[in-house]
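As structure tokens, here come the structures.
Shared between the two complexes below is subunit A, which has subunit B as its partner in the first and subunit C in the second.
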Partner chain A sequence: MGNFEPRIVAFLCNWCAYAGADLAGVSRLQYPPNIRTVRVMCSGRVDPLFVLEAFKDGCDGVLVAG
Partner chain B sequence: MISPKLVEVGRHINIELITCSEVKNLSGEPGNFEVSLVNHPRYIDPVKCTGCGECSRHCPVTAVNQYNMKLDDRRATYIEYAQAVPLAFAIDTDSCIGCGLCENMCVAKAIQYDDKERETSVKVGSVILSAGSKGYDPSGLDFIGYEYPNVVTSEEFERILSASGPYFGHLMRPLDREEPKSIAWLQCVGSRDTNRCGNGYCSSVCCMYAVKEAMIAKEHAHGELDCAVFNMDMRTFGKDYEKYYLRAKDKDGVRFVKARVHTIIEIPETGDLVVQYADESGMMKEETYNMVVLSVGLQIQPDTAQLAKLLGIELDKYNFAETNTFAPVATSRPGIYICGVLQGPKDIPGSITEASAAACLAGTELVEARGTDIPKVEVAEEIDVTGQEPRIGVFVCNCGINIGGIVDVPAVREYAGTLPYVAYTDENLFTCSQDTQEQIKEKIKEHKLNRVVVASCSPKTHEAMFMETLEACGINKYLFEMANIRNQNSWIHSKEPEIATKKAKDLVRMSVARAAALRTLKEKVVPINKQALVIGGGVAGMNAALSLGNQGFNTVLVEKEAELGGFSRKLHHTIEGDDIQAYLKKLGDEVTGHDAIEVLTKARISGFEGFKGNFSTEVTLGTDNEKRKIDHGIFIVATGAGEYPPKEYLYKEDERVVTQVELSDILEKKGTDGLDSVVMIQCVGSRNDENVECSRICCQNAVKNALDIKKRNPETQVYVLYRDIRTYGLLEDYYTEARKQGVIFIRFDQDAPPDVQPSSDGLLVTVKDHILQQNLEIRADLVALSAGMVAEDTEEMSGIMKLNRNPEGYFIEAHVKLRPVDMPSDGVFLCGTAHGPKLITETISQAQAAASRATTFLAKDSIKLSAITAKVDTDHCVKCLTCVRACPFGVPEFNTNEKLIEINEAICHGCGVCASVCPRQTIQLSFYEDDQIISKIDALLEAGGM
Partner chain C sequence: MSSAEAQRFVEVVTTVTESVKSQGKFDPKALSSELAAAEMTLAGETLRWMVGKEVKITTDGDVYGRKWDTETFESVLDAVLEREYQKNLIYQAVKDGSTSVRDINEKIGLDLERISYLLADLEKTNKVEFTGMEDSKPVFAVL
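Take a look at the complex of A and B:
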């Protein structure tokens, strides 16, 4: 597991979590590059199918933030 | 939280921002003012500056960061805070050494060292003054230890807690950057203090922010954190504030100590602070804390007072603007309106409400000129691209060196060219600059692009602008997608250029895939019915109707009683001494005599349908139940509240027990005859298990009646039994006056309420006194109960008109702070005591605010709806009603005639919850359809991805 680099898909709510991720950038906070963001209008838009799709495609983790 | 508001103001086509400027003179009259301005040099051209920040990063000069309350440094070339509007840097010439580095670094060529002070002028019809206040500077107080490093003001502590603050949101004390284990808040520093600082007023906001700071500090702390708030009275009087206070006290363990600290001494070895005070029984106490926060009050600054003088506006003894009880946002000079703390101490919801009220009155003055002096936007005719194969243009931004300095932009551009459907790629120094917008337009035409991807910063700030560029070329704005390779890439992986480049490619690939799946969307245009409906004919409803009528909008005012006036008909005068009945008479005459206002009395709402711009309400009139349909574009809810009918303290059993409203009636009719001793009991029907909320108005009501009694007969003894006296803002002066007049205030505990018994000689009131630690027996001729407020009629109304209520029965606003008079449904507004208990003067500004917000609809002929809405495929829908249950806004409905699920796009918020829960995927959220999201996931994770 030592070199394990997880691939994480993050579904972020446009109004809060996505804005927070933007602010992290503005504040120049540094965090690991294992996340790729998909912006949604509400975390409620995240259909369980999207989560399954991500796992089916081979990602290691899914983050839903909102 | 204010970021969206800043962006909206910055982008609004009808708002011109003039920054770094001061008013030098104001001449003219309402409708035709000329404002002379001094424009101070910024030394950086805000039009050219892209806000990339390279100038600041290379500036070698350190200056004190005033924004972070001097707790850290900034550069001489700086921007106050990251979300600032306009997003343009400035040079602080007091510290700049003129080295020229920033000029060399600025790729946008925005630096202009030779910028000069200029004088300009603008012509306006009305003026709104919102110059605000600052926190009180406690340096002059020698006993509270502000000279010690670990004693900070609440403003400084706000910055300490902020993620963008000096310690990045880590809870640390300034001396040694250690996390404190105990913090004490000292209330009323610079407020309620006529001895040391001369500010006799209550600043209204400090109790709430102290509770909030304590709660957030506890959240940020890694271990146990002891929080103690030293106060005279906890004034959590706003809507839902008491619940928050109770949560802090009972659930989160914040301690509230009734004491005013007299001395703070630092322990030099540790930097800890010894706090000395007398407790309630008079015993001297001493406690040690790691850190002390001074809850500083609101203070109007001398330069603001100077400005007010220059404008010819009268100020009171504390430098707040003089206003009339019944005209709270009008200053002494016609045509100049006021809002915010300069009007009087207040919190954010109050300030925003007043801002809208001031806008209402300022706009009323300009009714004739409405819409004549605003820019027009030309939109090109849309090119139909349906059926065309996607031709995607990808524009990769360097953002100066913000992206280009880390991400290999040419490589990302080249990579984009290899992706499916990409017909054109380009890289720009600043994709957002005006000349690049023109270039993009040319390239769209030249290469027949029908989709555009911009890889740059955040869609939160720039999507709308790029969409406008597409529209200008006749491309549907929904054929656009952004890849956020700055905020969420180059800035957070600035030390790993290779990884950042790889991530940028991934993000571009995802965006290209989604762009290919995007579809043309039409924004529906709905016409707006220009008639307004106001429900409730009290002070709130009448002011709302009058404000709308004065702006030229036909308004129907519906009142259930036979007469207008509402609860105010029972009141005599305000605490300031203004005659309420005379005001009601004048207001009622104005409303009934107004050409644009139709008043319907003895009317009740019996039916309702429609959505923003197009409502239809059925009203049942009079005793013969005649029905009438009213079509209207907006409506304002002003149904009011009433006095709580007490069950406590022998009310209705003994006629010598009355409410405060009844007492003022007695005083008005019979004076103080036979009243040698009057006892008032606070918090009757408020702040208890049945109604946890504070009723806001009862403390000032008691003080008002107590002063009235003392005025009529100084010999009458008046006792006020209270839990916390909440005479907020400038009302504090009346509380001080009451104590001067000899009114006796005795605090009691909720657990040990007073007892009222009839006796042979009047009534006998027993209460436990805190200082004496024993029961006091007071003989009273009359006991006045400060009965709280209860919401009225909201249950029936909320059912018919689908309006949300809180557990106390008051209607709920869309956002407590940002949208205090809007209701969650568009086109519906709220004012007066239907929103929560409040004073007449607050009710008036709220009513004007509601009318102002309504005007934003009524002033338009039509509105464009967002195309991001949910749509049902009715052929495949099985009518399981899952969407009906899941929608947080109650939008999907089952049409029983057609046997179909219907989603009205005019009221859909576009969250997409229904689309997610639909078990048969028959609901799609436009612009975020299943395939448009899945295409991104698939593109990301396709072979070798990420």
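Take a look at the complex of A and C:
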């Protein structure tokens, strides 16, 4: 389990979390490379079915940030 | 978080990654019937009806004029969703060949009485049908 690198789907709101992620990049802050970002116009756009779909396609975790 | 909170974003991503790492790999094949049941529950009309009514019932009140507080409404919503999920798990179990109450119990671990009760409900809504007796056990099939 030591070298297990999970794949995490991250639904990020365009106006907050995505901009935060962008700023983290610009500020050269380090964070784990395990997330795969999906930008949404609002975290309210995320349907619970999207989360299930991600799990069905074999990701290990889902993060919704707004 | 706000767009200025880059540090907060880094913290959240780090915490989530550590948490997922400690929980280990997710195997969708091992949980395929649970995932299918959850998908049926979330895609079903019951959830949409209830979520659609939430604001009205908690602010203006229900058809009897009773105003519900959010906690009460949400605990009812949780109970409804749990029941729908259990029904859908039973449906998936019948579909996958567990056709008697005892077989379903062995597959999903819900108690026998609850399974019989929910099967009756599935019959009423034309999701499952009673197909006859086999070794003096009632046998069901999905519709």
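Basically, the second predicted complex is superposed on the first by the 66 of 66 C-alpha atoms of A that agree within 3 Å, B and C clash if a C-alpha of one lies under 4 Å from a C-alpha of the other, contacts with A are read in each partner's own complex, and residues count from 1 in each chain.
Throughout what follows, a residue touches a chain if its C-beta (ideal position, glycine included) is under 8 Å from a C-beta of that chain, and two chains touch if they have at least 3 such contacts.
Bear in mind the structure is a predicted one, so any value in this text is a computation, not a measurement.
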| item | value |
| --- | --- |
| Partner chain(s) touched by A:A65 [first = subunit B, second = subunit C, both, neither] | second |
| Subunit B versus subunit C as contact partner of A:D57, first or second or both or neither | both |
| Touched partner set for A:L23, first subunit B, second subunit C, both or neither | both |
| Which of subunit B and subunit C A:V9 touches, first, second, both or neither | first |
| Touched partner set for A:C42, first subunit B, second subunit C, both or neither | first |
| Where subunit A meets both subunit C and subunit B, residue numbers | 19, 21-24, 26-27, 29-31, 47-49, 57-59 |
| Residue ranges of subunit A touching subunit C (in the complex, touch as defined) | 1, 4-6, 8, 10, 15-17, 19-24, 26-27, 29-32, 34-35, 47-49, 52, 55-61, 63, 65-66 |
| List of subunit B residues in touch with subunit A within their complex | 3, 82-83, 163-164, 168, 458-461, 484, 486-489, 491-496, 499-500, 503, 506-507, 510, 868, 886, 888, 910-913, 915-916, 921, 925, 928, 930, 933-934, 936-938, 940-942, 946 |
| Subunit A contact footprint on subunit C (complex, rising order) | 1-10, 12-14, 16-17, 19-21, 23-26, 28, 35, 38-39, 42-43 |
| For the subunit A and subunit B complex, residues of the former touching the latter | 7, 9, 14, 18-19, 21-31, 33, 36-42, 44-50, 53-54, 57-59 |
